[in-house]
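Can you keep this structure in mind? I'll have questions shortly.
By written order: A, B and C. Residues from 1 in each chain.
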Amino acid sequence: MHRSTNRPFRTAAALAAVLSLAASACGGGDDGGGTADGGGADEVTCPYDALESAAGPVEITIWHTQTALGKRTLEALVERYNAAQDKVVVKAESQGVGFKELHDKIEQAAPDRSLPAIVVPDDTKTRYVADSGLFLPAQACFGADPEGQAILDDLLPIAKASYTLDGQLWPASFTTYTALIYFNQDHFRAAGLDPANPPETIDEMIEAARKIKAANLPLVAEPMVVKAQSFLFEWWLSGAGQELVDAENGRGGYPTEAEWDNETTRSILTKLQEAKAEGILKITPGADGNADHLLAMATNSASFGVDSSAAASTVAGVIEGTVAAEDIKAEFGVDLPPGLQLDLDLGVGPYPGVDAAGKGQVGGGVWYLTNTVPAEQQAAAWDFMKFMNSEESQRTWAIDGSTAPVGTEIADDPQLNEAWSKTLAGRWLKVAYDVLAGIDTDFPGPVIGPYDEFRREIEKCLDRVLLNDEPVGPAVEEADAAMTAALERYNQDVGAG
Amino acid sequence: MATDRTRGVPPVVRNAGWYVLLTALSLLVLYPVWMTIVRAISEPFVYIQEGQPFFPVAVDWGVFGTAWADGAMGRSMLLTTAVVAVITVAQLVTSTLAAYSFAYLRFPFKNVLFVLLIATLLLPIEVTLLTNVRTIRELEWLNSFQGLTGPFLASAFGIFLLRQGFLGVPSELRDAARLDGFGHLAFLRKVALPVNRPIVGSFVLITALGAWNNYLWPRAAVTEERWETIQVALRRISVARPERFNVGVAAAIVASIPILVLLVVFQKQIIRGLTAGAVKG
Amino acid sequence: MTAPAVRTRRTSPAREALLGYSLLVPAFVVLGVFAYYPLYRLVHYALYRPNRFATREVYVGPSNISDVLGGDEFLDGLWITVKYVLYTVPTGLVLGLLLALAAHRHLRGIKVYQAIFSSTVATSVAVAAIVFFGLVNPEIGKFGDVEFISLARAESALRGVALTSIWQNIGLTFVIVLAGLQAVPDAVIEAARVDGFGPVRRLFRVTLPLISPTLLFLVVILLIFGFQAFAPMELLTNGGPARSTETLVFKIFRRQGPAQISEGAVMALGLFGLTFLVTLLQLTLLNRRVHYGD
């Protein structure tokens, strides 16, 4: 909304451009400095007793991504903690749906070190956390605090194995999920399959799908449904003992080559592609928040599918008619009238794998302590995490929050076991917990710096092969090359050449 | 504009035709507003079950209260008002001073400086976003008042507008002021500004309107909930919770009320401000 | 363009110059810090890429600029932005014109219609996006399954998002065109009528040419709004599906982190260049048509 003549404009712009080019060309590389520290190189101390000397109540903030049920449970726990003592006041702030936004925020905060006391990204950030210099390894606190060892010993072995790097356990707690197969027991029975013995391998799933298709049940279109999500494939690979990167899957040093392109990957993709062509498998888009796979099962057009155990409570609740309408919407993006009871006889089983069921990795939220806040906040954060790991909190999380508890002793808790047997959701969560407690700790999954980029590439590959029906070979090769390039860039960034 | 009498159509019919057309167009323009109100006051799941009808169902007027309380709208409205006030006053002050200088004072390199000023119109916040965020973070102004208002404390557009206005003050007034022994400040306060009251008024309103509606910068300059301005808070209240969309929509309606009031009360000045430059004279 | 200054009895040119500079200081400090300094740093980040931990910077040089500007991400963003402008500017222009032509007459109660047409000026981008979320969102929107504007498909999502801007711009375009029409003297139209020009001919041969500066001004405003579009994309589709609604500003916004800021800075400079071109266009066009019909 201005008026001026031509010439002043052009001169001004030219002047500005020339000035800025000259200025910045003269400026050398700022922030020249050393390489980022690898995790655990120096002795790190946990200021766990800084709380004693604090003047007033210490305020700390948590960045998390829980929604609906999980969010309410977390907020209830936070309230309980705040009410029970007056040294620490905790505030939990939800950072949006899905982990992407939170990961972005963490990376953006890196240059100015402006993270809050606790952040809860997902299970893929271990390498980044260790390399960034922004986090306090919880291992230091487990060691420094006399109460710490007992907690440490009790934690789920697979979680400890997954999140330990260079001998340090980085997170102070976890909100774990694993994967399950959800299947329609009526359909199984009608097709002559035994609901007490769900498929345990991918081949068995495809066989089951063929049998159900052959039984020609009404409404059933493609019996097997899979959402094109990266983690499902990652877990198939690690369940089969296949590495995703070299250097011992990233646990023996910085990996330099991606190994996505391997026999197992190609075989899985080829089998699924063929199953889809056969008309027995439906592939749904992998976008965050897309719940087409669950809808397919809800409408009986699919008979079984695989997904995270995080949805277990809500799915079970929908079936029993006990879930709040908001949670259905928040979890699945569908509007179902409240109180609706789906007439489905669903069962769950451990995640079928390449060779066997119940393998794979730990997934879910991981609770990290940051070192970018003053010592008393770090101490306050550690105190809160002790509360989160306490038996009572674990019980609340497990019963109200639909996650698996983080400890091993809690499995004998009578209250918890009662909840686990009383409701449908409870029974399913018990299955998930047993899987988690039993995963082989020798192969806990890869450690990858640029994990987000890996996931993007895998998802692109899945889209190409499974949604667009492109040939498996080139798609896998190209994804592999892109992933290796990402590793190179990461290693450069970290100074690991 | 006189109505046409060609073709022998009687004015009554012709007018009726226009009324019909105008009403139809109005309904089209207002349709989204109406549907928004309907959605706000209807119970969401019932509304969808009924196929999203034109009239509200299962009306719940309490939704506005819920939106206000749940979304902590009071806090963000207050914050936004404060931010808008600071930005408007600051732009008025910086623009007035600079415009006065350009209009009435003589000094070397005046033209160069003016060109440099106008050139900043090529650097809207959309272009400078990334590095302005860096600056804010480095100054530890993230999640702060300074961070929210900083980039908007001065505006080339304002300086340009006011300078035009000052240049337009008739020379008789200037001569009279000089004869009366007015210093610069007195001239500014008693002649230059009062004469340009319409332009200044419009400028203030347009600036306030723009600052209230700002989305990109507050979204980038803030990571804590309690520092969210109302537009950014709306994102959290409505779009991020589609299952409670009635609450989100109600929040949007409540957030629009201050502007609607402003528009109704200051309609003339706002329109003048918007059309400045569009029409000569 | 200087005007004779008001002088007190004792002003010397030196004092006047001092005063002149000091009055400029506040505005220039703000603009220096928030307009010029960021521009300099953008150029810096275009040439130096930080590592993802922001502990080091690597010189990548001008080839980085050409790589990014020629790369898929920037070109996609540019194309999407251009498409968005193509969706919103002509429609905005035509709608504003139609409404203004319809409401520019002496009828009882015409002010009411004028108020209604200009009412969308009261909406912010966030509010307009929420309004349309309720109308075009694929799951809860009333028109969520209309294919032409479906937010669920990559080909059509941008159109659905554009609806938000088109509707929101109605108020502004109406107000501006109406002002333009009102500035046309009745006598001129009357003269044309007397000369036997029918309504259609009057429109195209007399009215439109007379308000062409206004229309051009409006086009420029709409262009600028179109290039700066961000909130509707973020609120309605979050850039999806499959990044089909990621305009340049959107892509820039997403590149704040240290690992992407270099790419983002180049894109921002590209946007700067685009703004520059558009402004140049505006000036040349405006200058050519400014004295029409007076």
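Assume a residue touches a chain if its C-beta (ideal position, glycine included) is under 8 Å from a C-beta of that chain, and two chains touch if they have at least 3 such contacts.
In this text the structure is predicted, and so the values were computed from the model without any measurement.
Taking A-B and B-C together, the pair of chains sharing more C-beta contacts is B-C. With respect to chain B, maximal separation of chain centres occurs for A (centres as means of Cα atoms). Look at where the CA atoms of chain A average out and do the same for chain B: the two points lie 42 Å apart. If you average the CA atoms of chain B and of chain C, the two centres end up 14 Å from each other.
Touching two or more other chains at once are residues 1, 3-4, 9, 13, 16, 111, 333, 335 of chain A. Residue numbers of chain C whose C-beta contacts span two or more other chains: 36, 39, 41-42, 139-140, 217, 256, 276, 279.
In chain B, the residues that touch at least two other chains are 44, 48, 121-122, 134, 156, 242, 277-278.
Interface residues of chain C facing chain A in the complex, by the touch rule stated above, are 36, 39-44, 47-48, 50-59, 139-140, 217, 221, 240-241, 254, 256-259, 276, 279-280, 283-284, 286-287. Every residue of chain C that touches chain B in the complex is listed here, in rising order: 1-9, 13, 16-17, 19-21, 23-24, 26-31, 33-39, 41-42, 45, 98-99, 102-107, 110, 113, 115-127, 129-135, 137, 139-140, 142, 167, 170, 172, 175-176, 179-180, 183, 186, 189-190, 193, 198-199, 213-214, 217-218, 227-228, 230-231, 234-236, 249, 252-253, 255-256, 261, 264-265, 268-269, 271-272, 275-276, 279.
Put simply, chain B touches chain A in their complex at residues 44-45, 48-49, 111, 114-116, 118-119, 121-122, 134, 137-138, 140, 142, 156-157, 160-161, 223-225, 240-244, 276-278. Contact residues on chain A toward chain B in their complex (touch as defined above): 1-4, 8-9, 11-13, 15-16, 61, 93, 96-97, 105, 109, 111-112, 114, 325-330, 333, 335-338. Residues 1, 3-6, 9-10, 13, 16, 19-21, 23-25, 27, 29-36, 104, 107-108, 110-111, 128, 131-133, 287, 333-335, 490, 492-495 of chain A are the ones touching chain C in the complex.
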